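These are the structures, in structure tokens.
Paired with chain B in one complex and with chain C in the other, chain A is shared by the two complexes that follow.
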Partner chain A sequence: MHENSVIRHAGITLRALPGMARFALRCAPADAPRASQALGLDLPLAALTASAGAGRAALWLGPDEWLILAEDGAAETLPPAMEDAFAATPFSLVEVSGRQLAYGLSGPGAEEVLAEGCPLDLSDAAFGPGTCTRTLFGKVEMVLWRPGPEPAWHIEVWRSFAPHLHAHLREALLDL
Partner chain B sequence: MSAPFRTHQGGRPDRARTLRFTFDGRTYDGHPGDTLASALLAHGVHLTGRSFKYHRPRGILSAGPEEPNALVELDAGPGRREPNSRATMVPLRDGLLARSQNRWPSLAWDAGALTGAAAALLPAGFYYKTFMGPGRAWEKLYEPLIRRMAGLGRAPAEADPDRYAQRYAHCDVLVVGAGPAGLAAALAAARGGARVILCDEQMEMGGSLLSQPGTRIAGLPGWEWLEVALAELRALKVRLLPRTTAFSYGLQNMVSLAELPERAEGPRERLWMVRAARVVLATGAIERPLPFSGNDRPGVMLADAARVYALRYGVLAGHRAAVLAAHDSGYEAAFALQAAGMEIAAILDPRAAPPADLLAEATGRGIRVLAGQGVARSLGGRRVTGLISTGGERIGCDLLLMAGGWTPSVHLFSQARGALRWDAARDAYLPDTAPEAVLCAGACQGSYGLGACLAEGHAAGGGHGAAPGAQPGREPSGMPTAQAVAGAAKAPMAFVDFQNDVQAKDIALAVREGFRSIEHVKRYTTNGMATDQGKTSNMVGLAIAAATLGQEIPAVGLTRYRHPVTPTGFGGLAGRHRGDLFEPIRRAPLHGWAEAEGALFEPVAQWRRARAFPRAGEDLHAAVLRECRAVRQAAGIFDASTLGKIEVVGPDAAEFLERLYVNPWKKLAPGRCRYGIMLREDGFVTDDGVVGRMAADRFHVTTTTGGAARVLHMMEDYLQTEFPELRVWLTSTTEQWAVIALQGPKARTILEPFVEGLDISAASFPHMSVAACRVMGIPARLFRVSFTGELGFEVNVAPDQAPALWRALMRAGAPHGLTPYGTEAMHVLRAEKGYIIVSQETDGTVTPDDAGLSWAVGKAKRDFVGKRSLARPEMRRRDRPQLVGLLPRGTVPQEGAQILASPGARMAEGHVTSAYWSPALDRPIALGLLAGGRERMGQTVYATVMGGAPIAMEVTDPVFLDKAGERVNA
Partner chain C sequence: MLLIRCPHCGDRPEVEFRHGGEAHLARPPEPAALSDAEWAAYLHQRRNPRGPHAERWRHIHGCGRFFNAVRDTLTDRFLATYPTGAARPDGTQQGDPA
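On to the complex of A and B.
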């Protein structure tokens, strides 16, 4: 499928990212340490921030909501680890590995491509390294995450919206 | 080719390079830096169009965005024809092809001009007066005629081949207008470290500086300072957007800009949506024309426009000009034009005592001034040849200039919900206060001197210290417009709104006929309602209305400025969302397989679903019959992936569903499913679907395809606002699971070998069971459910794995007659069983009881969403529309047909909701909502047929097949 091909233009690269394990984690913020223990990663508690390390990332999407991204094997190992960590404490862990796909957009000025459809301020001052949010690109909802200081963006989108999002990003990139 | 009206030197255009362009079939030349208007004027071409209503010859009035007359059609090839382009704003380019509009057969000889002779029959409000009858004459005769005569260009008929971009941008300071005030503001803000965007609608930045080559700023010649300033702005990373019109000011400083990029291969337009912490408006001012007879004749022009053409473009708009100067700026224009080589025939100043310094300078320059005199009428045909003064003197000229004072461009400030105040001294409305973070600078707030513009811009940009210095100019004055328009109401063909052909007498007539509010006068006369939004006409019209009413201008009020302030293309507004990107089209994981099989697809919400799988030689009907028979006799396979799915998890999950659905959930055992019905607060069915209990604290909820997002939002809404105490969380899993449905008597036989870790026999996995297991080694959630009335299973697997499983099932099922079926067969199969489809059998006014679903309602439940509404007397009436089966005689009625009690009845008693040819019954069947239907079994009713005899139908139970449910429980 064309949306999986790598597109390079004006020093910016748009590529489909390989498959990964994903979970929607919900729990009371006070119980976050239990999840951190199971994840081996501090669950971020500050709004719109992500933490990452050791092949895993946790993206804060709401006061009691995180998107967990992990290398492939975690689909089997993470649910029992969470069950153990939470024991009788209520939480919700729902696998969404197949629900969404990911794209990477990187290179100097990549935020200009995103500005074609994303109404947020993506400057360093407003959207620094480690920032993540659920937002829009044109007519499609996405989760946007800037993992580090370099101009590289991680985009999560529901599977059936991915071709539209990719085609829109591609047009915006080629017109830059 | 020589351009006879081009000066020998000076101006911005690059005379070393020549561009060729065509207007109305004739080829001309010009230079980079010209507009279409300046290049035409260089060749002495003033006549550029015919007016809207009277088809009067019209020329170029202005040199800027306010142009009401010189609207031309640009033709850049198929799909790129652009009507209503202002010649004053079109940058000249090589090969430009332009045509005049609203004329036939030619611009010089226009048949429509006859309406000018009949002008007496077309007064203000003539639409409402003249075209009253008889009968259908309006739609048959008048409207087509008016539409043909009163055109404003032609829209292209071909598809637009261009691309349109959009861009969000954020900044600390957005400066609108790159004249001296805007430049000073941008410099001050950028030097202070702010993120700055500076936009200007002209092709070149500089605003009024471009037509003031002689001025000095900060010790530099004006044009040199402009270069230095722009270079500094670039160095400070200011985003400079020339050819970019700010056309709309939205809430919280969201300003929309339309950019026409220069590069030919990129997008044709780019819409900028700028969120600015602060906005500086430096939008300048527009000169007012003056109403007198024949003030619309080609060659009659705004005085400052003629000055701009001479000094910015090096083009003299005529050889010999007369200037009607009700404002001092008319003198400045006259002096500048004379210096540029034009003869000034006379200055007519309606003021009895013009300022002494101006009189002295005119005298010194040998220019005659007729004080206390105006213009009675212009002379000439398609070009002005002279004028008659109000004193009766005949003066010959080929250019007649109007200086009626200045109107600050407050449009965007007004859209920012800014209040305007009347300033009698400046004879204008000026910006007052605004709730947005917006500041004005320069001529748009009535400051006309260069020094003042620079100082105000510097301050608005947050600048410290001294502003770039310029000599203070003299404070100009003029005759108030309310005085200057006196007498115009009696003059024939004295135009106020050139684009809509509104005369001064039309406004006076509207007032005499009783219109007092300026908003009513505007609509009755159409003054200011053309595409230019009255940029040159509003204040003159207001002055005439005030004078006629005998009131001051502020007492009459001011009309509002609509979005967009300046017309902009639809392309930029649509952006990328056209063609393939118009809307997201969602395709489920098995779409590719269905496409390869030659399936027909139908849109369901944003999804595309396989409607049927016709084989060679089959039409849709034949395919559907075959697919239905296969399901009833053997087995069918169906892609149900688009069904909405929500994972409801938490210790209070059952309690939450108890409150959201009409059904009881607490006693549903893990491993079991239930058909759930969801109401809105008003008691009407909004969604339905099977809910499976995976564990004590985990439910797998399904919704309709179209209702998925709505149901999740509704659940979240109730959870967060009504039931925040419940410990339960919702996650959309619609796209986490692909769903393969196997339905039919052979379904178990085909599926059983694939299933690991689960006994799916009738005894241990009965109808309405659910379990996690593996299917072909793939982790799955297996439901035993049916929407066909047959033994059925739905296999939920990861979307990546679904195509392989589907193909394996197809192979294994082939010997058993396994047949793929689409949504159309699904509709027929479920109708044979009387299963409703929400939004087909329901329309937002159907209760569970209306739909025959009372059995599903948990009667013992204390409460659920919609319960109180169901107790209303209206909801318990026995004659409510109720779901019934209908057995039509002969043919299949139309879905949506009204149901009548007798063939000639005038009152409908319900409607047909679904109607099909049933292969199982080998006859037409239908479902419908019929008043008191359940008590009318056996009666004959009639379905209306458009233009035909009603179809008789017998009222029957909605379950047509297997009432005992033996097949589904097999």
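On to the complex of A and C.
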């Protein structure tokens, strides 16, 4: 199955990442400190940036929308922590752990595989470490995140699109 | 590929966007007070200009937000993009009816 496969070619590795807890967070940017307190990391307010630490990550998706990635088990602990931090302030936290899968694409030149289907400029200058965005690969929507300076990319995709996306990435990789 | 400047995300490829019709259409506060012709005009009649046209666009495969853009319907050139709720920028006058 594609979900368990690891494909290596031309020094680049495409692998399915282990399961994790995921949340869609919506709140006013002014209330970000409350979310940061519950999360244990600073919620990024700058467009197209992510913050990560202690096994968790917060990815900016829109001015009042974030994707939270967290350790397995956070589905039980994070919602009550958020409720405490926000108290009567409105916010929305929806667990979407099962909605998405994640793939990791790493190795020198990995951005060339992404360039097969992603129309964004993925050079260091335009898409530096810590950048994240929702975008497209072919006709499939994905969240693309570059966690660090090394050529390694984190790809989040809705589960039903995953076999198609994986097949497309695989073809792009093997064509290199 | 055409690049469109999202007010939140910057220059992004056109495939991430969806067109959302004419901008700056305000729903009448009291629809029941309108005649059928006035209501039909609000629902269905659009400017369709030849030249600069204020439109709603949505960065659906990016930040997901609606914004407004002035696009020249003759050249497909985007003259300006600006957040929803902001006034139409100066120097982007409406084109003539087609």
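Throughout what follows, the second predicted complex is superposed on the first by the 175 of 176 C-alpha atoms of A that agree within 3 Å, B and C clash if a C-alpha of one lies under 4 Å from a C-alpha of the other, contacts with A are read in each partner's own complex, and residues count from 1 in each chain.
Please note the rule applied: a contact is a pair of C-beta atoms (placed from the backbone, for glycine too) under 8 Å apart; a residue touches a chain by one contact, two chains touch by 3 or more.
Everything quoted here is computed from the prediction, not taken from an experiment.
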Q) Touch check for A:Glu171: first (chain B), second (chain C), both, or neither? A) first
Q | Which of chain B and chain C A:Gln100 touches, first, second, both or neither | A | first
Q: Give the label of whichever partner, chain B or chain C, reaches more residues of chain A.
A: B
(Q) Under the stated touch criterion, which partner chain does A:Pro90 make contact with: chain B (first), chain C (second), both, or neither? (A) first
Q.
Touch test for A:Ala24: chain B only (first), chain C only (second), both, or neither?
A. first
Q | Which superposed partner A:Pro163 touches (first chain B, second chain C, both, neither) | A | first
Q) Of the partners chain B and chain C, which touch A:Leu48 in the superposed model: first, second, both, neither? A) second
Q. Just chain B (first), just chain C (second), both, or neither: which does A:Glu116 touch?
A. first
Q.
With both complexes superposed on chain A, which partner does A:Thr131 reach: first (chain B), second (chain C), both or neither?
A. neither
(Q) Need the overlap of the two footprints on chain A, from chain B and from chain C, as residue ranges. (A) 119-120
(Q) Which residues of chain C touch chain A once you look at their complex with the stated criterion? (A) 1, 8-10, 12-13, 15-16, 61-65
Q: Flag every residue of chain A that touches chain B in the complex, lowest number first.
A: 19, 24, 26, 64, 90-100, 112, 115-121, 123, 126, 138-140, 158-161, 163-165, 167-168, 171-172, 175
(Q) Show me the residue ranges of chain B that touch chain A in the complex, using the header's touch definition. (A) 163, 165-170, 195, 266-267, 273, 275, 575-577, 580-581, 583-589, 606-607, 647, 649-651, 697, 727-729, 731-738, 798-800
Q: Over in the complex, which chain A residues touch chain C? Could you list them?
A: 47-48, 61-63, 65, 119-120, 133-136, 141
